[in-house]
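Once you've had a glance at the structure underneath, I'll fire off some questions.
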Amino acid sequence: MKRLLSTLALAGAFGLAAAGAQAAKLDQVKAKGFIQCGVSQGLPGFSNPDDKGNWTGLDVDFCRAVAAAVFGDATKVKFTPLSAKDRFTALQSGDIDILSRNTTWTISRDTSLGLNFTGVTYYDGQGFMIRKDKKVNSALELAGASVCTQTGTTTEQNVADFFRANNMQYEVIAFATADETIKAYDAGRCDVYTTDRSGLAAERLKLTNPDDHIVLPEIISKEPLGPVVSHGDDQWFDIVKWVLFAQVNAEELGVSSKNLDEQLKSTNPEIKRLVGTEGKFGEGLGIGNDWVVNIVKLVGNYGEMYDRNVGPDTPLKLARGTNALWTKGGLQYAPPIR
Amino acid sequence: MSLTFDDGTFIRSEMQTPLPPPGRNVGAIGWMRENLFSSITNTVLTLAGIALVVWILPPLLRFLFIDAVWTGNNRDACLGAEVGACWPFIKAKFAQLIYGFYPADQRWRVNLVFLIGAVLLVPLLVLSWPHKRLNSFLFFVAYPILAFILLTGGNISASNFLLGHFGLLRAVAGDAAVAGLQFGFWLDFVITAALCVAVAYLIGRLAAGSGRGAATMTAYVFAGFGILTFLWDVDFGLERVETRQWGGLLVTLVIAVTGIVTSMPLGIALALGRRSKMPIVRLLSVIFIEFWRGVPLITVLFFATYMLPLFLPVGVNPDGLLRALVGVALFTAAYIAEVVRGGLQAIPKGQYEGAMAMGLTWSQMMRLIILPQALTLVIPSIVNSFISLFKDTTLVLIVSIFDFLGQLRAAFTDPNWATPVTLYTGFAFAGIVYFLFCFGMSRYSLFVERRLNTSHRH
Amino acid sequence: MADWVEPAVRQGRTSFMNDPKVRSIVLQVVALVLVIVLGWMFIDNAKENLAAQKIATGFGFLENTAGFGISQTLISYSETSTYGRAFAVGILNTLLVAVIGIFFATIIGFLVGIGRLSKNFVIRLISTCYVELLRNLPPLFQILFWYLAVLSAMPNPRQSISIFGEAYISNRGIVVPRPLFGEGTGLVLWTFGFAVLATVLIGAWGRQRREETGRGFPTLWIGLGLIIGLPLIAMIVTGFPITFEKPELKGFNFAGGMRVVPEFVALTVGLATYTAAFIAENVRAGITSVSHGQTEAANSLGLRSGYTMRLVVIPQAMRVIIPPLTSQYLNLTKNSSLAVAIGYPDLVAVFAGTTLNQTGQAIEIIAITMGVYLVISIITSVIMNAYNKRVALVER
């Protein structure tokens, strides 16, 4: 009777909960025929839907690259818009296969939340944006300013630390969502808007006159953003990890979607290993040997992906900076494919 | 009567027709003198009122219609000095405001749900339409199940889940052995059902002398539950659409309708509990009702979002929308309970005594005599609670669920439509939509109140 | 004889099980057991979950450093203060919005409610439109409208609207001069207090005289004279100890002066106008509940309509108005939690928002937050019940 009652009482509440995952992630993904990818609810340049619901952005393209590697078809991916609070539970419960949602890699998330960060798609840090007509050139001139920020993020604490460390007065107005925050900043409620610098560049596009605003040079925190998978499936972890490494290696070796056909004929052993004409590295991951060819052909190498979504020619106008290859003075470095 | 005047010139034999009242006391002028300018204060008030109307109305009409922009593809159409509402913005965002991120090729399912809902609701609201019982069953029982399957796509493997967490066989066979096995679930289900029916029969036998009633009741419950699980699990070939992709008016209506459908039975049960003669049942009901009524809905939503998952077994993460729905349903139920209690208290004692004198059991008395009268009495208050519920659905945007208002706010940040009038256009549109829903409901409640007044009270 | 015994036995048996008392005890025990089992399940799951997610428990976090700023604080607070302090700041901000909102909602509500019954067609029309429009739009919608739409129409601090060069309105809120209390302020405040007390006494005496002799007394004018005049004299005597610090545009914002943040303005205006629509309906119901004979009697005594309203109708209507009025006050207080949507640091935003996100201690924090609102509700309903009892005694 108790069993019956508790069944009746709780069945409704659990109706939509996902059943536990037993089979290997890769097999599950192959069986259902697409990858479920968790993205943001709208951040230009990283993951943003247009009026018709088509997604674009760096985080979105990364998921497409994984789909290209697994299925040889970059369209076999579905996107789940997630709030900042919801993102980790969605991954833990198996609702999504990859979380690619400008998520900062920290030790507590990596360990106690049961997640695996597979790499860094974007090296970021917290910055400040301000109206040009305020004629401020450094964050150290912000004494007395009103600062708009999003509540419940590390941003709020970073900014408190920064102002206190520099002995400056300030007023903080914290909003529940990024949309509210940027809207209040646009309305002139605050002098300064603070979040990750990539976020600043993206949110800047939502302003009425983006050209009236500048980002200050100071970076007050480290925010390495990357894709995440959940603990407990090393094969899937490896695949997602190496998709990014393959894209970085492809850029380093000069393999892009434009010259792919020539590069397939290359005699350079490194390129041959990369495109799968030598060795069977793809099979080691449990996917086809032409995985890198598919990634580069359908999505492009890291540099192409960057330039297309957030680079200097896009509305975000983000220079490569720390995200340049290690050979060019940046931080993007991938282990070799061999 | 001896005084008579033969010539009859002295006294009028008939009344003179009264003179018309002075021109300034009748007609439009008279009405104005009486109603608008009867005293100095009144005149001042009238003039101030007219000034207020003149101050608000013409600019509003100009903004909404005369100066409004009706066509265009991006913000350029709506930039300019003397521009009114930017309706192309609403047109561009319309699909998102209604469906959220619901996949474009699947939106016919949402439309179908809306259509069926309207078709079932209209005859339910028309008081004189027959077949109320069937109609109610369709709207309150069949429709939610159908809508659930259509909107989510069904096939949610509820049986696996139930088996994994509650199945009898799980203890015997272990998780891995039965997971994914439909047959295992149904076997388990039938055994559980049979056991429960037997127990119910025994209890009924001991308590009332005949266990047949209790046994059939239990069997019905299990049959209904089995059908529900089966329907949820059948693969209808519909694509799965997660609730995270839902948004806009769809979410607003889902929350409102679910809140209404689930809070009614719960609220009635709580009201009966509060009026019960059993002290513990009464105490529990009072605590439950007063607790939910004493806290703001936002804290309830925070509770549902952050605390509820902690109270469930490890690894069980109910869907975000579902969590909010649970919060809204409990919250509304407490308010409905108080409304229903008001109705119960308004029923004269004679009705209870009459029912008891007829030898009706408690449940018969409630079901046949008291509740029908009590609920009819409080229909207007119930509708008012639903209006509150409808307005309160906006609060879910605080826990990152994109309802109609949330979707609108997201649309505000689209740089393609960033103009000085975008905000006002969006607020005007959303205001009209919310107003139509709430005002419609309140008019309906007034209409019902009047209808019931004439038939019952006077 | 056998016929007699048989039913008796059966009756005894069935009556034991069918005995309403036994049945009700069984039912209650079952209900209690169910609740306890459910509660125990929840607690057990929560323990397991907290351990699995490595979330701390207990109320020790209230002593920890908060590390975040708050834009409006009634008591001193900085980033180095504790979470407990932030909690206090949140409660005070909630209460501030509630008190000010209730004040304005009552005034607007009574005016509109009386306006709905006015003989003046224009006033009646406007009042009806007000009630129908505001009642049928979600409060969150209205608050967002006040915040976003009205704020974006305000100028920035440098172009702020100046009111006689003393106060400024801009998109940073309203800045007014702040009084600075110099030496001798005490005397001024004392005389002010004395003047208020004297006015109250004079008012009571005047009312008594009117009831006894029928002659009125100009309490209002004399009271005003006292309240303004006495402190003024004291000011002159002590050499104007109270000075005002004028707000000045300095750097980004106004420095000095007292600032009312726009979040507060939007929230208070939104809540007050929304709740006023409901209060207006309560007032209207209350006034219509007073029998028409009362108005007619007052009219035939020669009272003007203002007096009829003030002296005859409203006092009787209050008995009907007060209970729903309190529940509207309570609603306003609870709705003030919508502050979280526009960044006003009320209890929910500061505590259940930021603090919860930083500490992750959902159970403690949400329990405390709900507890605060519950306490407010319970206190209100206790006062309400006491009032109802008093009114019931007065009833005819």
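By letter and in written order, the chains are A, B and C; residue numbering begins at 1 in each of them.
By our rule, contacts are C-beta pairs under 8 Å (C-beta built on N, C-alpha and C of every residue); 3 or more make two chains touch, one makes a residue touch a chain.
Fair warning: this is a prediction, and the values are worked out from it, not measured in the lab.
Student: Central chain, going by Cα centroids?
Tutor: Chain closest to the assembly's C-alpha mean: B.
Student: Ranked by contacting C-beta pairs, which pair of chains comes out on top?
Tutor: B-C
Student: Averaging over Cα atoms per chain, report the distance between subunit A and subunit C in Å.
Tutor: 44
Student: Take the average of all CA coordinates in subunit A, do the same for subunit B, and state the distance between these two points in whole angstrom.
Tutor: Each chain reduced to its C-alpha mean, subunit A and subunit B end up 39 Å apart.
Student: Taking each chain's centre as the mean position of its Cα atoms, how many Å separate subunit B from subunit C?
Tutor: 27
Student: Hey, what residues on subunit A touch two or more of the other chains?
Tutor: 6, 176, 180, 183
Student: What positions in subunit C touch 2 or more of the other chains?
Tutor: 148, 152, 340-341, 356
Student: At least two partner chains per residue is the criterion; list those residues in subunit B.
Tutor: Expected reply: 309, 312, 398, 409, 412, 420.
Student: Touching subunit B in the complex: which residues of subunit A?
Tutor: Those residues of subunit A that touch subunit B are 1, 3-4, 6-8, 10-11, 13-20, 22, 41-42, 44, 49, 51-53, 80-86, 89-90, 92-93, 95, 176-177, 179-180, 182-183, 205-208, 210, 315.
Student: Residues of subunit A touching subunit C in their complex?
Tutor: Spelled out, the residues of subunit A in touch with subunit C are 2, 5-6, 9, 112-113, 134, 142-146, 148, 151-153, 156-157, 159-161, 163-164, 170-176, 180-181, 183-184, 186-189, 191.
Student: Which residues, counting only subunit C, touch subunit A once they are in their complex?
Tutor: Spelled out, the residues of subunit C in touch with subunit A are 34, 37-38, 41, 53-54, 67-71, 79-80, 147-148, 151-152, 154, 156, 171-172, 250-253, 255, 261-263, 340-343, 345, 349, 353-354, 356-358.
Student: Contact residues on subunit B for subunit C in the complex?
Tutor: 34-36, 38, 42, 45-46, 49-50, 52-53, 206-209, 277-281, 284, 290-291, 293-299, 302-303, 306-307, 309-314, 387, 390-395, 397-398, 405, 409, 412, 420, 423-424, 427, 430-431, 434-435, 438-439, 442
Student: So in the complex, the part of subunit C that touches subunit B is made up of which residues?
Tutor: 14, 17-18, 23-24, 27-28, 31-32, 35, 42, 45-46, 48-50, 52, 118-123, 125-126, 132-133, 135-141, 144-145, 148-149, 152, 334-335, 337-338, 340-341, 348, 352, 356, 362-363, 366, 369-370, 373-374, 377-378
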